[in-house]
Each structure stands twice: as C-alpha cells, then as structure tokens.
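Here come two complexes built around chain A, the first alongside chain B, the second alongside chain C.
Entry: the complex of A and B
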C-alpha cells in the first residue's frame, strides 16, 4: 500500500507522504511556511507558533501536525501573515535585540523573518528586560538578551550531542535557558564542536573569536529572503 | 507652486543617519530641486519656520528636550518619518534601559575610572535637559507615519523612501533596502 496522499495548501494540490508533518510536505513541494523553533535535524516541539497554518478550519502548528489525506490548509492568508508578524514583533520587544552590533546580524533567522514580513518597527512597547550574559565558557558566549526560547539548544544537546547542557527554567516572562553546571556554561561539558553550539537561530549562543567573519552583503539573508531556498525547489 | 518643505533633526542619535542622508551624493542636487529644507542640522535653522510636508527624526528620546523637539516636529509636519535604529527601536542609547538611571549617572560623573570629580558633583544646571527614566523610540512618544530602520539606513533606502513620498507613490522598500544593521 502506498503512503502517498494528497493535501491542498492555499488552493494548490500537492503530494505528501503519510507520517510527514505539514511543514515537511510543504517544504518538499516548494511551499515555504515560516518557522523559528523547528529545525530539520531536531524533533519538532511546536513552541514558537510562527508556523501556524489553518488546517481544515483550525489553527495548527505545521511543524508538529501530521498530514492526512484530503487535508485543506491555509498558509498565506492576511490573518496568518498578521499573526506571524505579531509573534515576531513580540519576540523583538521581549528581548534586547541590538542588531547593529550583533555578530549574528545578517545570518539571524529572527531578523530574517522580520525582513521577510517587512517589519520596519515593532507595534508593541519595548520591555527592555534585564538579562544576563554568560561568557564563562572559553569558546562559546551565551547572551540571554537575544534568546527567543525556541529550545533548539536544549534539543540539540540531548538529541544530537548526547549531552544535557541546556534546560528551560522558570515560568512565563521569567522563563529562560538554564545550564546544567555548577554556575555557568563554563562548568558544563559543552564543547565548541557540539551541534548545540551553532544551532541557535539568533545570536544567543555564538562561538567566540569568529564574529563578523562574513562581510556585509554576502551574509545568508542579505540579498534573498529566508525561505527562498525552499521556494526555489518549486517546480 | 512652492516646493514641499523637509525638516530633519537628530535626537538621541549619533548623526550617523544624517551622514547617511548626505551619502546620497550627487542626488542631493536632485533633492533640492524637489524640496526646500526647513529646520535641520544641515542648514542650522533652529526652529521650524512654517508647515513642513516631511519631518525626518533621527534618534529616540533620552531627555526632555528630545521630547520637546519631537512634539514640535509632530505639530508642524504632515508626515513624520523615524529613520535609523535609535528612532525606531531605541538603539545604542537604549542599552541603558535595564540599568537604573542613578547607576548610569554615578558611572558617568562619580565612579568611572577616568572621572576626576573630588566633590562628586553631578551637573544639574537648569540649562541642561533632564534625563528621562528610559530611552524611548520615537513612535512610543508621538505618532510616527513611516519607519526606516538601519544603523544607519543606507543612502539608497532614504532616497527610495523620500522620492516615493515626494512623487505620491507608496513607500515600499525592496528587500535589500530593509536592514536593521
């Protein structure tokens, strides 16, 4: 029995395989659904909700929702674009994101999504929360000001590195990434070669001494919007 | 018909955005064909002299004088544009926002390693504008019609936005011109 099924995204019928998520099926069909916490190497957790689509009339996170035959999905509706924009706006005002001196600028997925959505200034008041910078590790910097709580580092450390360096601690607005060590990142078994060291979508976990390596104009999202690679496979 | 007037100001900014405005190079000759400049650091006019079509705001508000100037611009400009990361997001001056104001002042005037101030006097002359508790982006103080982020926004970004406004076209920046750095 074949697992091939058909689903519809924004009126376009595409082929999918049973067992795939909506996000995976859309990627294969060359349809980009914006996402932040999702990463192809990690188990999805549906945390950031940027990938929300309307699936048979109900909002669902595309990264965790499995496809079913005949599913009808809305992706690029004005309501969903606004919803995604709102989430990105909130992430900007809830952290301290200073793009002008951030080493990740130009390669940052949060910034790239804001560019893609055409955000020129957030619509919510800035919170300017007090956050810590943990520079205790010899090779890695952990700057909580830029964290968006996607938990990619938590999952990468467990699933890919076989370690357990990061965990999220606290609740609500005070939730943050904690490290599994005496005091700080330098006390953990984190190594610079770990996948967790370069899976951060923003500039929260960055490697020391390699900043600003790629010149402005040649960085990942300088010329083409995030998602262009996926949309490029559209036949 | 008289030309539309443009006023510009730099609040809590570094004048980098104004440098970027000058960076439009020879297009500045086209710009002065299109507009007259009113209050601006470029011509050193100190107050807006008549109704302006466009006001350009560099920098956010870090003191009461910034707020005062921003209100003058809002009252006298049809379209107000915040340009640069400081005006749109607070920028570098906003890095003091999660440090108590008293600590900032102590560091600047009393405890800083290069400070010589044996009496520990903090300037508080009435001539000096009072600092605000925090640095606010322009749109959190008055209504802003357009924002052009960037540190600074490139000359092409400013040119694209200004010429679109002056020729009654929608301000839609191409992807490469919307940058936060």
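Entry: the complex of A and C
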C-alpha cells in the first residue's frame, strides 16, 4: 500500500496507485472519463483524444498519463465537454456512419458517446469519403466506412492473440487499417475466435451470420448510457 | 519479381536483416529499383523478421517511398507558398507542357515522373525542385524546355548542375548548385572559430561540469520549443540505462527554414563536435544524425567528414586519447515526412517504423531511441554547445536577452531583396531583420513557419526571442501585394498533407479547417464561419497528441487574431440567414443526375 497517493478530480480528492493512469484511477473511484480507443485489456495509445483532461493546467489524454501524487485534474468542465463533443463529431463526419443500418447500433461505443453528449447531428459537414468493404474472410466482415482508427484491433491481435493481423497504413486523412495479407483479410491468419474480432468499438469488424442475434432495443447501451457501469461504482 | 529477389536479399543483409533498419532497407530498394513493389513486401518482411503489413505500413507513410513504379528520374517541384509566389506554378505549367504529363504521372517511355513536394529547404533560391537527389534552384519557365530535353536524352539529373554554389556546395562530394546565401554572420556560429576547441576543453572537465556549463549558459533548444539543453542532457545522464543516445535533428522540414542546410554544408565539424560534447556529458556511445530525405545530396559529404574525424581521433574509440570515451555517429535518412521533425516521430523513424509520434510520458530523455535515455537536439543547438564549451557560458549568456541567450540563425525568404541566412542576437527586433533583408512594403511576416505565427506591422517592434516572437528559424516575408489568406490556406494544405493521422483532431480537424477557410476565401462565408474556425482551431490545438496538431491551426488562429479585417471584408451577414455556399441549381443538377430526370420546378 506504500504506492497509494492522492489526486484531485474536479475538486474531489480520490485515492490512486502509482503505476495507474488517470483513467484507471478515475474508473476505480467511480468517475467516468469518456474514452473510445482505450480498452481495459489493451495498452493505451491515446489516439482518439476523447479522454482529454486538464492535468495541472495542461491538456493530457487520461488513458496514457500516469498519476502522480497531488495531481489536480479537471474532467467535466464546459470547455472540456465542448472539445470532446467536437472530437466525437469529427469521427462521425470522417467516416460513413449510418446508425440505422448498422449491426452494431446499440452496442456501438461511438453512437453511445454521441447520445451521452446529446449529439443529434454533427456540427461539421460530412466528408463522404470512399472506403472499402472487405468481405473476403469467411467469418468476418471489415467495413472501413465505420473505422475510427482506434487501433484496438491492431493491439488486440498483437497483445491478446499473439498475431499481427492489423497495422495502420498510409497517413493523414487517408490513414487506414491494413491487413497482414497479400490482398485482404481472407489472406491473413485471422480467426473468428480471435479477441481482435470482438474488440472493435464501432461496426467496422463484424462477425458474419450472427447479425441481430440480440434485438435492437435490448442491446448494451439501449438500457443505460455508456459510462453508467463506471459511475455505478461510486458510493 | 523473381529476378529482384537476390537484390532485395542483398540489401536486407547489408543492414543485418535488422528490423530496426527497415527504413534503410526500403529506401535502398527504392533507390535500386525505383520503387518498393508490393510483391516485395513479403520478402522484405521475412528477411527483416517482421510482418508484411509492417513493411506496407512504412512504405505507405513516407512520401518519397512508393509501391508504384516511377520514372528513372522523379521531378519533385517544391510547392510551398514562397516558391508559388516566386513563380512555381508557371514552372509547373512549363513542365506539364514539355513532359506532356500531369502531376503524379510518368512519361510513357518511363523516363520521368512529375510530382509536387513540400518545402525542400531552398526558399532563398526559389522556385526550386529536386530531380532524384539533385537540387535545381532558381528555376525559370524559359529554362524548362532545355532542362526536360536534357533529362530525356540523359536521365542523369546531376548533369543538370553546370555551375556550382559557393563554399562547400562546390565540394567534389556535394557538387550542387545550391548557394549558402549567408548574409549576416554572428559571433556564435558563422564567424571563424577554433576547430574542436570546445571539445578539447570539455574533455578536461568532468561530464557533470560540462552539463553545468551548458546549464549556466542558458542555451535553449534551437528547433523552436526552447527546452533548456543543459537540463535535457542532465536528465538523460541521470536516467537509468546502460546505453544512451545522442540524436541530431536534421529533419529541417518547417517550410521556409533552411539554416540547417547551411550548417550541414559549412559547419559539419561544429555539429559533430557539439554532438561529441553531448555524448561525453551524457555518457553516450552512439549518435545518429536524422537527415531529411530532401538533403540527401549532402549525405556523401557528411559521411566523408565523419570519416575524417575518425581518422583524426575525434570520433571512434578513446577520443582524443581519453581512455574509455568512445562515440560514433551514423546517418539515418528520412524519406519525406514533416512530422519526423517531432522528436518522438524522429525516434520512431530511426527505429525503422512509420514516423508516428509516441506519448511523451515517458519522455525521450528517459525512454527514447531503443527504449533508452536519448537526447534529441537541433543541429544549431549542437553548434552552440560546442562554442559554449570553447568560449565559456558567461560569454554566451551575455549575448541576447535575459531569457533567450545567444544568437539565432534566421532563414529569411519571400518578398525581400536579400533572402538568406542571418545570425542575429536574440532580442533583435523583427523590424530590424526586415531592414537587413531589404524587405519593403511588408504586410505580413510568418515567424516560425506554418506552425508559428503570422504577424502584421503592429508586431514588427517585437524581438526574435522565446518570450516574444519564437522561431526555429523560419521568417517568411509577404508584401502588401500578397493575399494573406492564400498563405494561410497553403499552410493548412501543408498540415493536411503532413498529418500522420494518428489522432482524431489533427487527422480530421485540419481538413475541416482548410475546407471552411476555402469557403470564406471564395466569399461564400458568413460571420458564423469565423466563430466556427476559431472554435474548431482551438479544439485541434488543445486536444492533438503531438506538436504538429498542437500548432497546425496557427495559420488560421493567428490570422483571425492579427488580420481580422481581411476576414471581415470577405464575410458579410446577408440578412436572410441563407448559407451562401449552398447553390440551389448545383444541388438540383446533382439530384437530377441521380434521379435520371429533370426537375419539374427548377431548371435552367
């Protein structure tokens, strides 16, 4: 217990452990910091920036920033909520997201975040980029229209599956997730049982033949807003 | 493909089939066969003991690498705003006419590919281009037919160089028409100096004392961020780890900057001396110069200088007879990626991966290159460090201002009579810099490049310093004949092209900023669009992961602040709240095309 330290989030002092990130410490204390690319089983990479907080006066991604004793953190300020909303909007307009047709609707973390932030329509113009759909794999569909480049699949394949099915290719607005095969996902050693097949926060990686097993209306975020599980910890 | 297998195997073997040298392998494959064919990804991956997609990841990241076959000669016309204002568009038109192809295309005979590229560091002799590694400066449309004819007959770009530039540009290992254009030599770097005097003195002191001297001198990083160099060295020395590294950031990619080009041409020994002092202070045995791909014409010359230092006992084992002080340097070539000037991206690139930045906790001083303590410093910072050791920290800190010690090399370019390099003491007023360079009727100066600030005459009384007008060297001058928002637009285009795309705000936000700025420039904007630009710009700045995204909205934000009347003249509230960018006839045409019939109500 010698590693126990104190940090302050939005004026509330909480206990944290050295070695934790701000996000992990906040989760334990029942304080929800919105996030997308972060996943408890994966190394954090700080790519979506939704979890941006102000830490001792400077913006930091909570998922990668380790805690230090006495840190003072701002989380739910009007300014930060606006920045996060703007980032969520950006993810909607950079891809082609049609929630009403998407198998992931109700289980989608991007959609759930939008609801939590009260977003009914993005404030930025849709970019309508041309994206590929890769249906080459017998059991898995890859729909790049919905990819938000969180690289969860990249990390899950490496860290949890011991493979290297995915990697980022290209740069800038044309950056995308590439696959470790001559042409398409079907050329890789991806298996439907891989954790990488399960870990996509949006509807980019979809398993075939199990669509709509759980009816719309009974899905994860149909019942409670995203983050409720963490906030439920709060006593 | 099968005929290429031995070549590719040979290249990979040359770099020890080491995955960390993947950059060098793919660069050399490209040099040797003109591109990195997709069919070769698998072979390179298996030779380097990595995965095919990792090879694709690297090749697709750098703009000088390509998986598509290119011509024997690749012409890259410099497309930064300074070159455009000096007539690059007319050069482009002339090239298109003579070659009979557009940008991004290759002549039918496979001889010449035509491309555009970001600033190649020749803004003082614009318009300029690269033909493979050869730099061709001071282009004029009337020179293009002859130039193209010559390349068609002899696809050897070096033959285009008939007149050499000054100084070491004429060295047999450089043979370049590039000119130094040193206009003002200050006391620290460009005056005559005692060769290796700083290193010799440093070796009479303990490493701790050397660090103390650098700290006392108040030397701050010359790349622009201004971190205290002595403190950086101290943190690197103190960080645990058996191997430590000294990296020199020679990825001079900020448009309008070319002072490192001149230092690498005329002050290589001083750079290497400074790196050696750093290695001694930190306890490093290995150094890397990360040289931007655009400066590959200097590579052989630099390698030779390094060799000369090895022979003279200034690099290698037991340097200058100091038992146990071993240090050597290698060059890591870049391949066309501005973001690699960001220190963590630079490290990624040195490790042979794509140049994505990494998180700065831990900082490179603790875990940098090969997860070891690493000091990354600018070319100019190393020069300063060597001089501080020779002349003393007090001498150095007596020059400049209280918070900005020493001199600064400025690369002045654009609308002025004498573009070139100016070494001035920190605190020199911008107005004085403009006077020295012979700039008249100046409407706007971009200080620090696109990532810096665009300032107007009201700010010309401010001094060049970390506390007032901070710059890594770039000073771009724009006369009152120029459209300031055209400049801002070109800068946003640059950031859109150069964003690595890792984080959302930089990947998407810059595209949105550029699109909205275009709308305003076309006169289709409303006052609400200025709020949109401001708030979007602030979000990108606030939430982006690395220095690129944290500064990329500056062209928009600094012009909104300093040139508001220019925007106000373009946006008018039209009273009825209609969106001026919406064209009803165009929308109807699009819809008609989809529906396959004409509108009953709206038609021309």
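Methods note: the second predicted complex is superposed on the first by the 234 of 235 C-alpha atoms of A that agree within 3 Å, B and C clash if a C-alpha of one lies under 4 Å from a C-alpha of the other, contacts with A are read in each partner's own complex, and residues count from 1 in each chain.
Please note the rule applied: a contact is a pair of C-beta atoms (placed from the backbone, for glycine too) under 8 Å apart; a residue touches a chain by one contact, two chains touch by 3 or more.
These numbers come from a predicted model, not from an experiment.
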| item | value |
| --- | --- |
| Chain B versus chain C as contact partner of A:48, first or second or both or neither | second |
| Partner chain(s) touched by A:148 [first = chain B, second = chain C, both, neither] | second |
| Which of chain B and chain C A:125 touches, first, second, both or neither | both |
| In the superposition, chain B vs chain C on chain A residues touched | C |
| Shared chain A surface residues [contacts with chain B and with chain C] | 125 |
| Touching residues on chain A, where the partner in the complex is chain B | 92, 96-102, 105-106, 111, 114-115, 118, 120-122, 125-126, 128-131, 216, 222-225 |
| Residues of chain A defined as touching chain C within the complex | 45-50, 52, 59, 61, 64-66, 82-83, 86-87, 90-91, 93-94, 124-125, 127, 148-149, 164-175, 178-182 |
| Chain B residues touching chain A - in the complex, by the definition given at the top | 82, 85, 88-92, 94-95, 97-98, 134, 137, 139-140, 144, 146-149, 151, 173, 175-176, 178-181 |
| Contact footprint of chain A on chain C as seen in their complex | 42, 51-54, 56-57, 60-61, 337, 354, 356, 359, 361, 496-505, 507-509, 511-512, 515, 535-536, 538-539, 542-545 |
